[in-house]
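The next part holds the structures, each set out as structure tokens.
In the two complexes below, subunit A is the common chain; its partner is subunit B in one and subunit C in the other.
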Partner chain A sequence: MEKKKAIWGFIFTIPAIVFFMIFDFYPVINAFWMSFFKKDLLSLKPPKFIGFKNYTYLFTSEAFWNSVKATAIFTLGTFIPMVLVSLVLAALIMTRKRFQKFLQMAYYSPAVLSSVVAAMIWLLMFDPRGLANQFLNFLFSTQGIDYHWLSNENMLRLATIIVYFWKYVGYFTVIFVSGMASIPRSIHEAAIVDGASGWQDFLHITLPLLKPTTLLVSVMSMIQCLKTFSTQYLFVQGGAPRGPIDVITLNIYNTAIRDHQIGRASAMSVILFFVIMFFTYLQFKVSRSEEVTY
Partner chain B sequence: MKKVLVFLSMLLVVVSMAAKVELVVWTHEDPNRTPLEEGYIKEFEKMYPNVEIKRVTYPSDKIKEVLLTAFAARKGPDIFNIEIQDEYPYIVNGRVAPVDLSVLGLKNYNDLKNLYLEGSLDAVTYEGKIYGLPLELTNWCIFINKKYFREVGLDPEKDYPKTWEDMVRVSEKLVIRDGQIIKRRGFDFRYPYYLTFFVPMVEQLGGALFSADGKTAIINDNAWLKVLDFMKQWGPNGKNLGSPTYTAARKEFNKDNNTVAMCLSGLYQIDRIKAENPAFYNSKEWMVVPFPVFQNVVKDVRCNFYGHYYMVNAESSKEKQEWAWRFINFMLSHPQEYLTKVGLIQPRKDLIESDVFKNYPYANVFLEDMKKAHIVPLHPQGPQIEQLIREAVESVMLTKTTSQDALKTLKKKANDLLKEEQ
Partner chain C sequence: MKKKIVSVIIDVIIWVFLLGFAAIVLVPLVFMFTASFMPSNEIMKMPYPWIPSEFRWQNYWQAIKGNDGKFLFLRSIWNSFLVASITTVGTVFLCSLTGFGLAKYKFKGRNFVFFMILGTLMIPFEAIMIPLYLIVTGMGMQDTYAGMIIPLLMSPFGVFMMRQYLLTFPDEMLDAARIDGASEFGIYWRIVLPNSVPAIATLSILTFRSQWDNLLWPLLIVQSPEKKTIPLFITIFVTEKYTNEGAMMAAAAIASIPMIILFLTLTKYFLAGSEVFAARKD
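Our next item is the complex of A and B:
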């Protein structure tokens, strides 16, 4: 009977497996395969096998290392503040007796917006005549200073970080809120009975018990940052210089679509794949050692 | 048995004759062109009931990648058009079919060339065959809002900028700033189309993008340096007259909202003004003047022109290819309507010589400039080279990079790219 059930269970999973094989597994394998070939997207000539030449080219390419740098700056600049701020926001939400749901919804709402729309809204704000300059001029009581949001190298990086931070901080806040809600109330009550202050309760009870959620959020946000594309793409389309925000995904896009070099773009995708794999592995490894029992 | 076979074969013939030929056309969005071409489709389908045409539009910045992906998957449309510099690799890679002369009722390519202005089919001529028919040839001139000129005491008819040095002087008078922030630009360039407007500026000073043999890029450092210096002065770190980070000048121009006094655009801009802001169009407070040159011009060359050519997928069936060329020929046999309703110049001799063209506002300004211009450089690595020029120009305009350093980097990268291709 159990065996029969198992067979039926397997049969029901077949559509999902087939779907995964066609739309996920095959493209991944194909990208690996293509990364060893020289192939012009438009050419009808068969791809030419060139071994590891695409990889050696990339590792000696100034543009590729600039992309690695741009991706690293963006990832570190985004995910660290995002994890910290979403943790703080979640803690604040948890201390509220009223409007908890409303606050969660309000923080989460930008995540529902499409990345393209979000980037377009912010592009308008970062226009030299836009709200970003007006706000800073108001804040610093200055008149007509252009903070070069879209032209200065560092300001441009900051601008893309702000867009991403704004869009996803609410999403991770909600994850933290559910993590905090899963900590049994009795543990907090026991700490308060023992004389712990609110701060001590947060520091010695909430934070340690929230470790798996913190790890999950940090790794998830890091992976998401490594895959960032739309913000940088739209900013460059909007007139911003490409160099400072030429993240790996944007470089992959340009190599494939503008330069038609699908083999080289595949090699870059494979490198990014391994970087993301490494962090995913790290997530599994660390979260296993940080399991929490109540 | 025999009867059955005869019946079946007759049925097969009837079915195959009745089967409709479906042609898929991919083109860029142009609100003024859509109703015109939809009308041609209806007419054509009425003339040939066995043909069904499906016209699909994409935003002009999206169609390139959608088309490329489709062709890479060998699922491209039967007919398409994009800018010629992006179409060129399709020709070189054998992805498009040559013009079917028999369908057009012509004997040879010379007969076809004779229908068009000299040189206007050169861009689509490859290894002795012609691979496209022009939907439009576009060059850019300067659009001026006369009101703002008068506001600062300039007479638009006399004081319009004839040289790039004039352009700086006039723009300095027209610009309105709040501190460092520009509220009204005098003029601004059309970023990031550097192959179209920037390369001719270099050529005016004796420079060139490629050597005559096409093996070396960035010729005559002095000319390139002068134009890079000019752009540096134009940008926020120089005289602060404009920047790629502001909203495109041609978009703001139509609004007539005191944000830009001059912009660079094609003849089609006139119909766009008419559609977007009829009051401004009817006010006649706008005019068009030629693309400027530098004072010490070495070669009087104007803004490069580019084209959109209708092309046919080489992998479509022979039957579809024939119908595709027949349909393209039918659409393009209405050049006067394309001009009067959409503002597109089809370089056909019968159009250029017609009164309709001669009487069309400012058509002559564009035509005179076009005579002194040439098509955008066509090269398989063209888009990459344009990106490198963009990096160089924007680095001098927006960062502290010197023109010398920017040129050095541009030269190295562009020549490395050419070597890689060889």
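Our next item is the complex of A and C:
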């Protein structure tokens, strides 16, 4: 009876096993395999084995290093401010007695839009006559200066960072708020009784106990940034130059679909895979050793 | 007394900061809705007028009709709805079934299966999209709904979430059903599913919106205009040079309204979705 019952557990997981074999494990192996071949997407010729040539090509290719640079700038420029600002916002929200929910909803709302819509709205706001220039002119009390949001290399990078930051800062704020809310109130009360100020309570109670959440949010947002695609794709479609924002995923897409170089695209995929794998592993390892019990 | 004044000042500063930040975050949304009613020359006027001089519904009409007058936007809304719904139903069914199997049955190799599924969490979609595209094309599913849906039917995170939720499901309820002669699948279908509404709602929303938002996969799979989903339609609409800005924002507004309504009515599950995400540390 028990044994007969147990077999059902296995039967229930069969669809999942089959699914992940076909659509996850096989593609990973396939990507590795294809990265050693020269294959054209449209040609009927069988792929030709070329060893590590795709990799050596990439490591000497300017376009590849440009993508690495674009991805690194975007990731560092986005996830660090995002983690810091969402942490501060969450901490301040926790000090409020009213409107906690309203504030969280307001900050979260851009995350509800699709990334394509978000990029489209900002494309118009970054127009030379758009709101972004008007805002900066107002801020520096200048008149009609164009900051070239979509044509200057660095401004374009900043523009994509702003879109992403705007879209996800509220999402991470909500995660921080729930992390802070799960710290038992009695601990805070004990600290206040002992004469700690609000600031000291945050520094010595909240921050250390929040460490698992902070680590998780950092790694999660960083991996998300490494995989960014939609914003950059839509900006390029909307007429912005591709170079400064040619992030690695955009490069993989164009190499495979426009240039038909499946082998090269696979080699880039493998590199992206290892980079992300490394950070995920780091997250698992660090979050294990940083478990907090109250 | 002095201390009290200082704390009031700090309090006010915090309010100004929090509300000011909320206002800045909402500016692009307000811009989208107001601009969707304006003619192009008004949108590009400096300074931006904020209030439309008249409500130009023609923008919405142009967005719906499309530049070629083929009403492809309506079609793409339907496509997005179809793809996102089927993916959601499939994901909820398959992930909860797997999660149930892993949480409530002790079979040989259970841990192996669980860690295998958990392992796929580390595989970024962007790194396997090219082989996945070749596989799906090889199966002849290019440019079909099946090709858009099937490779996204399960998520390791969904399995993990349902398993964690079902670990605490009371065994007495399952045993009572067994005594009444229910089959194991019957137990899943009639006892487990109806009693897992909070977890199912959270997973549904996570899945639905990630498919509603999905650009990359349909971009690879779909070619024919009448099979395109909203993100693809919008991308093309932006690139067409004769699209006016008001119609662009009208299209953006139409694409966003379903999600905004969902968000306002089911806020709890949206916010819970991010919390569940944060709680994963097995």
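The rule we apply is simple: the second predicted complex is superposed on the first by the 288 of 294 C-alpha atoms of A that agree within 3 Å, B and C clash if a C-alpha of one lies under 4 Å from a C-alpha of the other, contacts with A are read in each partner's own complex, and residues count from 1 in each chain.
Heads up, the rule we're going with is that a contact is a pair of C-beta atoms (placed from the backbone, for glycine too) under 8 Å apart; a residue touches a chain by one contact, two chains touch by 3 or more.
Since we're looking at a predicted model, the values are computed, not measured.
Asker: Who does A:L42 touch here: subunit B (first), subunit C (second), both, or neither?
Answerer: In the superposition, A:L42 contacts subunit B only.
Asker: Does the superposition put A:R258 against subunit B (first), subunit C (second), both, or neither?
Answerer: The answer is first: A:R258 touches subunit B but not subunit C.
Asker: Touch test for A:T75: subunit B only (first), subunit C only (second), both, or neither?
Answerer: Touch partners of A:T75: none, neither subunit B nor subunit C.
Asker: Determine, under the contact definition given at the top, whether A:S230 touches first (subunit B), second (subunit C), both, or neither.
Answerer: second
Asker: What is the contact status of A:G144 with respect to subunit B (first) and subunit C (second): first, second, both, or neither?
Answerer: So A:G144 meets both subunit B and subunit C here.
Asker: Could you figure out whether subunit B or subunit C reaches more residues of subunit A?
Answerer: It is C that touches the greater number of subunit A residues.
Asker: Is A:S221 touching the first partner subunit B, the second partner subunit C, both, or neither of them?
Answerer: neither
Asker: Scan A:E153 for contacts with subunit B and subunit C and give back first, second, both or neither.
Answerer: After superposing on A, A:E153 lies in contact with subunit B but is clear of subunit C.
Asker: Tell me the contact category for A:F273 with respect to subunit B and subunit C: first, second, both or neither.
Answerer: Only subunit C; A:F273 stays clear of subunit B.
Asker: Of the partners subunit B and subunit C, which touch A:G243 in the superposed model: first, second, both, neither?
Answerer: first
Asker: Using the superposition on A, tell me which residues of subunit A are in contact with subunit B and, in the other complex, with subunit C.
Answerer: Shared contact residues on subunit A (touching subunit B in one complex, subunit C in the other): 127, 129, 144, 237-238, 257, 262.
Asker: Which residues of subunit C touch subunit A once you look at their complex with the stated criterion?
Answerer: Those residues of subunit C that touch subunit A are 14-15, 17-19, 21-22, 25-29, 31-32, 35, 43-48, 94-95, 97-98, 100-102, 104-110, 113, 116-117, 120-135, 150-151, 153-154, 156, 159, 184-185, 188, 209, 212-213, 215-216, 219-220, 230-231, 234-235, 238-239, 245, 248-249, 252, 255-256, 259-260, 262-263, 267, 270-271, 274-275, 277-278, 281.
Asker: Of all residues in subunit B, which touch subunit A in the complex?
Answerer: Going through subunit B, the ones touching subunit A are 61, 64-65, 68-69, 71-72, 89-90, 93-95, 177-183, 191-192, 236, 243-247, 383-384, 387, 390-391, 394-395, 397-399.
Asker: Please give the residue numbers of subunit A that touch subunit C in the complex, ascending.
Answerer: Of all residues in subunit A, those touching subunit C are 5-13, 15-17, 19-20, 22-28, 30-31, 34, 89, 92-93, 95-96, 101, 103-110, 112-118, 120-125, 127, 129-131, 134, 144, 166, 169-171, 174-175, 178-179, 212-213, 216-217, 220, 223, 226-227, 229-230, 233-234, 237-238, 249, 252-253, 256-257, 262, 265-266, 269-270, 272-273, 276-277, 280-281, 287, 291.
Asker: Any idea which subunit A residues touch subunit B in the complex?
Answerer: Subunit A residues touching subunit B: 40-44, 126-129, 133, 142-146, 148-153, 237-243, 254, 257-260, 262.
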